[in-house]
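Each structure below is given as structure tokens.
The two complexes that follow have subunit A in common; it is paired with subunit B in the first and with subunit C in the second.
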Partner chain A sequence: MSKLFVNKDKMSYLLRDLTIQVLIYSAIVCVSGVFLWILFDLIRGGSALLSWQFLTDVPRDAGRAGGISSILASTLLVLLIALLAALPISWATAILLTEFISAESPFGRWVRYSLQVLACVPSIIFGLFGYAFFSLYLGLGFSILSGGLTLACMLLPILVSTAEAGLRAVPESYRLSAVALGMSRAATLFHVLLPVAAPAWAAGLLLGIGRAAAETAALMFTSGYVDRMPESLLDSGRVLALHIFDLSMNVPGGDAPAFASALVLILLLLVINLVAMRFTYLWQRKKLNAE
Partner chain B sequence: MRWMKSIGAATIMLVLMSLTLSTFASSHKLVLTGSSTIAPLAIELGRRFESLHPGVRVDVQTGGSSRGINDTRKGVADIGMVSGVLKSAEQDLQAFAIALDGVGIIVHASNPVTTLTNRQIVGIFTGRITNWQEVGGHDARITLVNKAEGRSTLESFLAYFQLKNSEIKSHIVIGDNQQGIKIVSGNPHAIGYVSIGAAAYDAQRGVPIKLLTMDGVAATVANVRNGTYPLSRPLNLVTRLPPTGLVKQFIDFARSKQTHDLVEAQYFVPVSVD
Partner chain C sequence: MIWWKHSISFLSASIDRWFSAALRIGALLAALIMLFILLFLLLESWPVLRHIALMRFFTDEAWHPLEDQYNLLPMVTGTLYASSGALLLAIPLGIASALFMIFYATPRTAVLYRRLIELLAGIPSVVFGFWGLTTLVPLINQWHPPGASLLASILILTLMILPTLALTSYAALVAVPKDYLQAAVALGLSRWGMIYGVALPAARKGIVAGILLAAGRAIGETMAVLMVAGNVVQHADSLFAPIRTLTANIALEMAYAMGDHRAVLFVSGLLLLLLVIALTIIAAWFGKTHHV
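Moving on, here comes the complex of A and B:
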């Protein structure tokens, strides 16, 4: 009698486990399914046009013919400027917020609050701000420089909050051990905290790059619409996302190159992701094992 | 070490400053901003103009007709791009038409309706006619696609049918022409209005839409050109002052016969100035 009950119990446990497993796997299938669907759609629509020539030719006939070499160059330049401007500021802010002032201090709260507000601002607002401040007031005009700086403002909240979360996740005992060993604050930061927090920082950086590379609204008014190969940072240059938007919404017959450009954008982001993750892994291993 | 650093910093400053100066010193740069409809054409015009005038650069920025007007007034742009007739409040600007763009009513290709009278169109857009059956189609509810406030296609459409935007009972509000075409091609019961050139181009290439005949005149680029199609709008270049120098050269070039192929390549109708 009692044996039967146990078996029945076991059965219901098994059933429950199985249900949960199925649910979890179906959630995973949903998440990666969306990505695969998008990727499949892009490959179907864009792979016919994708070639070496497409990557090395400048756009012609409003983007229907030719390639996207100048667009790629502008995209990478805008991205570079945005990261060069945003990374030092935001990472320094994150270090200040976690390591040098207490989490409850009014100043820390105020900085965090303003970053949260900044994170909620729609990108078109950044675009209008960049247009008014960088392009007109500072006289940078419609240029890669003003586009990159506008993007940098937009990236601040993402970069600061991810870097801060990464540093906070480092166990307090590490800091105490470092102090006990007589390490200076800077040494603790560079030899203990940063290597441990590196994956979180890399993840934040990748989120930032992803958001920056996909940005259209903030750049329409700042880095602009010119599809020529940029000769200096003060030239206007069209980025990939804006090119895709223009081709699919504004140019009759622009769908095929729009698909191909979107495919290039996705591949570019994939490559950047892989390289950054690999680089972080190697750096962390070297740093933590050597010492 | 310290002096090396300061020399490095000074060098970077100098390079940046010279870059800035060299860019602003060149007076051979034309900046055009405005209508997204005109921008692709303006880029092609600019490319040909650059090849004819070495050393000149034509920078085209988009963002809508109202941006073109603002930037031209403020002097940020040398030339504004404005689609549609200038309003009474915009008469301080000088307008030069470079092309015509017809506005046509589109429905899904499977829709049996091929023509609508002006009365029927007004009825549909003001919500008095809500079923395709009433104008000779299937028994299905009409999905009305309208353009967003500020779009010059909307303004031409309203002006022609003497409607106010508040009277239009739209279900979907869209921005650009291609968006309208995509929505109508995906909804068998939708009706909308877009640039004839863009719609004809897509219809030819198998996108399931069709242009309706309006008051007996087929909505074709040819009918816009010969003036029989009633609903069209000019695509303008505008300036704050009467154009001189390079600006005048560019506007004259854009209105000349040597650019007609570029205008037609963007599915617009060239205007003859001479």
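Moving on, here comes the complex of A and C:
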């Protein structure tokens, strides 16, 4: 600290502060510039091919021609499976951790700790696990089902932590009032807590969907590469993110449809994120009114 | 709180017990997944761990998996070079972003910039990789062929871990008590004097935790690096040399790997997992608060 007080004249301090400020502002301009650059490139490259027909046509000639309808269908199915598997488990976990057992109990700590580690596992590891467990051990092969279940494992931490935050933000007075009225815990949960926490849960759900839609590495060896329209959940189906990867790396001349697919993916995620932000806003306003 | 066992909306006396039991099963499943992942990686890599000495992954002549040569070292250095390079670039940029949002920007600009960082965090890794492949790689190629290189992967990784660093540093700096900053201003410290002398030291632990989390992300990133790194198995001798990382190696060879080769890929997955878990545990110890 003493260094800051030595008798230099005031000018040199001003100069130092100014230099730092210029450096920080140039870093900000750099980051924003690159972000806009990426956005601009994607829009310029993708808008040429993007049309209603592109969305509703099946891919032909390894994806060079045609559209992405079957890819979108596979993506939707994988997401659906992932959510159907992950939501009950993660919401049950969140309710248990906040409403039924103390955060300091050994079981609670173990669950929370293992979810915290799970949140940091790289997606390629989920891919390896899904391949070894769902595809080979359970015999599901390269299928939409095994891809969806792998994604479900990946979504657990984010779904649990958002649902937990939603429940914890409900004022304690609500629970006290419910007890005073003689309600059971389950009744309190369904009639009092969940309606209040619903927007937070919806926001968490959307964040989860966004995370899942962006995933590639975990699905490479679980849901596979086949770009036909999936006929059952045991068919292999290529998701949108993997389609972009395959077009740009393995298909010469696939850049134009890859750009268009990337634009579709980004727009999809943007809409999901904006709706999630809207829900968070609603929830915060509700919370303010409640207090 | 004393919870009443009967109610007009749920008449069964034991509803809470049944409900709680069902919830416990769900939570147990959620917690078991981490153990399952470890178990299955171990199971799949066991055939190789049993009959190949661990040292061979570092002393074999080269990576020729089809001829029983399993030297993972080039991939390990590739991962280390790329992630440490990205950290070197992203740490100053991330901390500068956090400082900007708290100490320099007007509230409106700060919110706007925060949204931008959050959107950057939401861009899928495959899109980063695709942008790198179509924009960055040709640019580097003009400057110094071949383009797909260590430099390209460092730059792309920097963009990908920047949001993690910016948001965790932001959270750590916001948590610094206002009294400290007011005291610093009252003592006549200039803005940078306050940041450097008071705010940064007070937020140090949270920032370090963020750096460790970002390191974990950089090490584990697959798709973006796979697309821009060139994927040649070699020790990089310059920034422009193509490299292959551990994650890219798994993604590239898993599709056709058989027998021992496949088991070795699972071993490298296990290695990665343990590394990332270690980083996470140290980060949790530093930060005490977790960031999902």
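Going forward, the second predicted complex is superposed on the first by the 227 of 291 C-alpha atoms of A that agree within 3 Å, B and C clash if a C-alpha of one lies under 4 Å from a C-alpha of the other, contacts with A are read in each partner's own complex, and residues count from 1 in each chain.
The rule we apply is simple: a contact is a pair of C-beta atoms (placed from the backbone, for glycine too) under 8 Å apart; a residue touches a chain by one contact, two chains touch by 3 or more.
This one's a predicted model, so the numbers in the text were calculated from it and none came from an experiment.
Judged by the touch definition given at the top, the superposed model places A:186 against subunit C, while subunit B stays out of reach. Once the two complexes are overlaid on the shared chain, A:61 sits against subunit B while remaining clear of subunit C. Of the two partner chains, subunit B is the only one touched by A:232; subunit C is not.
Contact with subunit C, but none with subunit B, is seen for A:100 once the two complexes are overlaid on the shared chain. Shared-chain residue A:196: touches no atom of subunit B or subunit C. Shared-chain residue A:249: touches subunit B and subunit C both. By the document's definition of touching, of the two partners only subunit C reaches A:17; subunit B does not. When the two complexes are superposed, the chain touching more residues of subunit A, out of subunit B and subunit C, is C.
In the superposed model, A:221 makes contact with both subunit B and subunit C.
Overlap of the subunit B and subunit C interfaces on subunit A: residues 220-221, 248-249. Remark: subunit A residues 61-63, 136, 139, 141-142, 220-221, 224-228, 232-236, 246, 248-254 touch subunit B in the complex.
Contact residues on subunit B toward subunit A in their complex (touch as defined above): 19-20, 22-24, 31, 36-37, 39-41, 43-44, 57, 59-63, 76, 175-179, 181, 197-198, 201-202, 205, 265-267.
Residues 1, 4, 13-14, 16-17, 20-21, 23-25, 27-28, 30-32, 34-35, 37-38, 41-42, 45, 88-93, 95-97, 100, 107, 110-111, 114-129, 131-133, 137, 153, 156-158, 160-161, 175-176, 179, 182-187, 190-191, 210, 213-217, 220-221, 241-242, 244-245, 248-249, 255, 258-259, 262, 265-266, 269-270, 273 of subunit A touch subunit C in their complex. Within the complex formed with subunit A, the subunit C residues making contact are 1-7, 9-10, 15-16, 19-20, 22-31, 33-37, 40-41, 43-44, 92-93, 96-97, 99-100, 104, 113, 116-120, 122-131, 133-135, 159, 162, 189-193, 196-197, 213, 216-217, 219-223, 226-227, 247, 250-251, 254-255, 265-266, 269, 272-273, 276-277, 279-281, 284, 290, 292.
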